[in-house]
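Below are two complexes that have chain A in common, paired first with chain B and then with chain C.
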Partner chain A sequence: MNWRRRRQLGQLLRFSLLGVVLIVFIFPFYWMLRTSILPTQMIYESTALIPQGFTLEHYGRVIDQGFLTPVRNSLITAVGTTILTTVVSLFAAFSILRYRYPGRRRAAQLVLLTYMFPHVALIIPMYMLAASLGLLESPITLIVVHTMLALPFCVWILQSFLMDIPRELEEAALVEGASEVGAFLRITVPQAKPGIIAAGTFAYIMSWGEYMFAYVLLTDSDAFTVPVALESLLSGYVIEWGILAAASVLATLPVLALFWLMAKYLGEGIAKGTGVV
Partner chain B sequence: MAKITLENLRKEYGSLTAVDGIDLTIADGSYTMILGPSGCGKSTTLRMLAGLEQPTDGDVYIDDARVTDVPPGDRNLSMVFQSLALWDHKTVRENIGFGLKMEGVAEAERNAAIDEIASLLQISEKLEQSPAALSGGQQQRVALGRSLVREPDVILLDEPLSSLDAKLQLEMRATLSKIHKEIGTTFVHVTHDQEDAMSIADEIILMNDGEVVQHGAPMELFDAPTEEFVADFIGTPGMNLLDGTVSDGAVDLGGVALTPAAETIAEHPGSAVRVGVRPNRIYPADAAPDTANTLAAEVTLVETFGDSRWYYLDVGIGEELVMKSADTAVFGTLAEGDAVSVCIGSEDIHLFDATSGRALSAA
Partner chain C sequence: MVGIALVAPAILVILIALVLPFIDAIRASTLNRVTGEFVGLEHYLWLFTDGPFWGSLRRSLLWTVGNLVLQGAAGIGVALLLQWHFRGRDAIRTVILLPFVVPSAVTAITWRWLLNTTYGPLNSWLVDFGVIAGSFNPLNDPLTALGGVVLINTWRWTPLVALVVFAVLQTIPREEYEAARMEGAGYLREFWHVTYPHLSNSLAVLGLLGFLLTFNIFDLVWLLTAGGPVDATNTLAVLIYDVAFAMRNIGRGTAISVVLFVLLFAFVIGYFQQEEFKEGGQFE
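This part shows the complex of A and B:
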């Protein structure tokens, strides 16, 4: 077997493996999509891969049942979490890298250690805090909690990112008359764009899909976020699979859209942040 | 335009002393090079001058105003960094105009100034591109443009040529010198390359181990080094340096005696010394202007540089001497293995204290 033929075979093997991975990940999503557009009768009868019927009835009913309210709640929470997390972690990472103070390096190392904490243990105190502050129905509570969950990882990603940006770039701005914060915002932040996008996307997705805290902290069904609302669809005597699938598709769209927009930066951001490259 | 004064300037990093108490004045409008081997504290000194590094002790004055605690942006100086530190997310125009923008100069006025500098540096067509798309030489010009456009009192350059290839380095060196002559601002340029310093500096500050070793005009350092370190560091190649002992109005090199100018050894009978002779001050006997000291030698190696040749000479004292000649008549007559008589003028013999390294003639 010559060299060229061997390379082709290797190529084939690689693509087959990729194909298997893709199928494993995409098939459930495809099944969900398929279920959401099949008439109810067919969901139970047909197992054909290609849908044999088509209806938007489930989507109509999902929207009629007020599923757009949780979508709106989730959007508010996720966007709020993203902004808060990004701003705080950016300044935290900057402080760890650029200033000298006692405990600086230890703080940087301990940041990820907070993930060792079982989150379940925090639910009761969080609930009591929010209740005593009268913030149980407010999106602020969930935004703060989600920021707490996303922050350590984002600080970590951004720290690796800022570390790679030469100090001289900022110093050049200082010499040209910029202030410390001015140089950071005008020079370092634009240079760290892929990292900021990666961190922001992580916070957004984390907040969008977070169920446990949302379930405990939100007691009013008008304040439900998407994961909590989806769960409530499962709790009836009869599970309406068509409606559940349609709601799930709607719940996935905002995240898919974000990925679509940010795909260019995400790969670089995540690879760099986790030290792969 | 400004003169700079450093007063007992010190910088310590923990137990490491990077700059060990420097006192000096840089003349208004001069092109001053801070020269030294890596780790000698020259960049730290420049960064303290810029305000990017806070001195542990001592003060920096620009035109008699104490600026030690003034932030970099308020010192009216600019800096070209070793890495150039161009901002890739901005266009060349925005890079050059950043300082003017920070000063609050109106856009029209800003653009006029940028256009003028760009045409001076021949980068007018590149103004709307990202610096990342430019060649090394062009990037260098952008960095220079950024520091010139504000017309600062002082321009600091931290190894600005080291990122360029050899040919561009020479070109840029000449450009720097021309620009300096044209605008007359004080330039302070840090380099490890003594040829850069010798070629364009008005004054050289030679540093070693955090201290200033010698400060003067390039030819002063070349002809009258105050320390053995200067003699060795300046010149291509550096000075020949040999161990010797002073006796009877001459210096004994261990079998061979040299007679230096009388006043330099009169006060040092019996001292152990280091004897220095510039390679270009050793001549074959028939071309020598001064035949006070004539040595018999054998040529062991010849290195050819086109316009000059280096001859390694064995004069029977263990260590070899290097003779540098630019005389084409010598090129034709001298080859490896030849025996030759060489001469050294008595004024060309430098003596340094064997322990302190200080020049005896300067005492």
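This part shows the complex of A and C:
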């Protein structure tokens, strides 16, 4: 076998492996989409790869059952979490890098500390705290909890992006008479934009999908978020897979709109983050 | 002063939503669940003697180590595949992240549907092709359930691991590969002598973070199997929930979580004693 032949074989192998990877990660979603548009009878009769029918009936029924209320609740929570997390973590990361005070050099390790707490253990005290404050049905409770979950990670990501910004840029702005706030807003924030996008989309996606705290803290079905509403569809006496598939597709759309932003920056952010620990 | 003011909101959020509730949990672990009177270490005694703790700890370790090994191997593999330049690479890199961004509830629904013994495609096809004799759902069999949830969780996280490894690979200077090729190194030697040394630091940190995150995963396991069948997937996170909520024994449930925290803390301290972390000033 000559060199050229080996090269071609290698190429072929590589593309077949890529094909397998794509199928493994994408096929399950294709199957949900297929199920969501098939007439009920066909869902249970055929496993043909190409759907032999089409209906929007399941989507209609999911919406009739009030699935848009959890979508709205989840949007409020996820947007609130994103804004709060991004602002708080940007301040924190900036502070850790630019100011001197005891303990700041340990910050990257403290981030790891927060992930040692078994979150399952927090739900009982959290429930009691929220109940005593009368905040059980309020999105604020969940926003604070989700911010706690996303924050350490976002500080980590932002810190690694901020480290790449030359300090001289900020100092030059200060010399030219900009205030500290002005230098931060006009120099630091634009420079850190990829990191801010990575952190923001991470917080959004985390909050959108978070199930455990939402499940325990939200007792009123009007306040349910999407994951909790999905679970309640799954735990009914009769599971209607058409409706479940349609609801799953609807639950995925709001993250699809954003996640390509994350694909671009998140990998880089975490990779850099592993360097600062 | 400004510096402390800027970091204060972050610390406040962690205090309110993490540290204080956990301190409350520690307190609850020493109380009788009905009367609320102080019982000392009674719950801890239960846990170490005849409770389900040891079984769950073993399952948690299997679950965590299995996930990390599989995700590491698959993640590196996918990242190496993506390292080749070809048309549509960026699109593929984005699209395969899908499993990571969808809610865990959607993941659970999707896999339960795919593996459904009566209507699911995987069973139907495998039976048609004669690969398996009869329908089989690994999540319903105590022997395979833990492996099943590990594989599904690996499916969920591998794309992210691949993305991070891919980002690290981009930082390796091309010259090192060229030098290795000049010396006639094959793919394997090239990976071992050039790629791996650059990856190992990131993998060490990523592995630690992954260990902590994976150990504490509750939602996917709960939504896929609820700890069953016959406790086959009853990891510590599920056990805590089960004891505290289903059995309404908050004292015992929180006692397990305190022990789990101590274990993870000890693990992290031990991990940081490794040589890689001792050298180099970055870590201080």
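The rule is short, and it goes like this: the second predicted complex is superposed on the first by the 247 of 277 C-alpha atoms of A that agree within 3 Å, B and C clash if a C-alpha of one lies under 4 Å from a C-alpha of the other, contacts with A are read in each partner's own complex, and residues count from 1 in each chain.
Keep this in mind: contacts are C-beta pairs under 8 Å (C-beta built on N, C-alpha and C of every residue); 3 or more make two chains touch, one makes a residue touch a chain.
Since we're looking at a predicted model, the values are computed, not measured.
Considered on the superposed chain A, chain B and chain C are sterically compatible, since they fit side by side.
Contact with chain B, but none with chain C, is seen for A:173 once the two complexes are overlaid on the shared chain. In the superposition on chain A, A:191 makes contact with chain B only, while chain C stays out of contact range.
When the two structures are aligned on the shared chain, A:165 is found in touch with neither chain B nor chain C.
Counting the residues of chain A that each partner touches, chain B and chain C differ, and the larger count belongs to C.
Once the two complexes are overlaid on the shared chain, A:63 sits clear of chain B and of chain C alike.
Residue contacts after overlaying the shared chain place A:140 against neither chain B nor chain C.
Aligning both complexes on chain A leaves chain B and chain C separated at their closest CA atoms by 15 Å.
Interface residues of chain A, counted against chain B in their complex, comprise 166, 168-169, 171-179, 182, 187, 190-191, 193. Listing the residues of chain B that touch chain A in their complex gives 50-52, 71-74, 77-79, 81-83, 85-89, 98-99, 102-103, 146, 150.
In the complex of the two chains, the chain C residues touching chain A come out as 2-4, 6-7, 9-11, 13-14, 16-18, 20-22, 24-25, 28, 78, 81, 84, 86, 92-99, 101-106, 108-114, 116, 118-121, 124-125, 155, 158-160, 163-168, 171, 201-202, 205-206, 208-209, 212-213, 216, 218-219, 222-223, 236-237, 240-241, 244-245, 250, 253-254, 257-258, 260-261, 264-265, 268, 272, 282-284. Interface residues of chain A, counted against chain C in their complex, comprise 14-15, 17-18, 21-22, 24-26, 28-29, 31-32, 35, 43-44, 47, 88-89, 91-92, 94-96, 98-101, 104-105, 109, 112-122, 124-126, 128-129, 144-145, 147-148, 151-152, 155, 180, 205, 208-212, 216, 226-227, 230-231, 234, 241, 244-245, 248, 251-252, 255-256, 259-260, 262-264, 266-268, 270-277.
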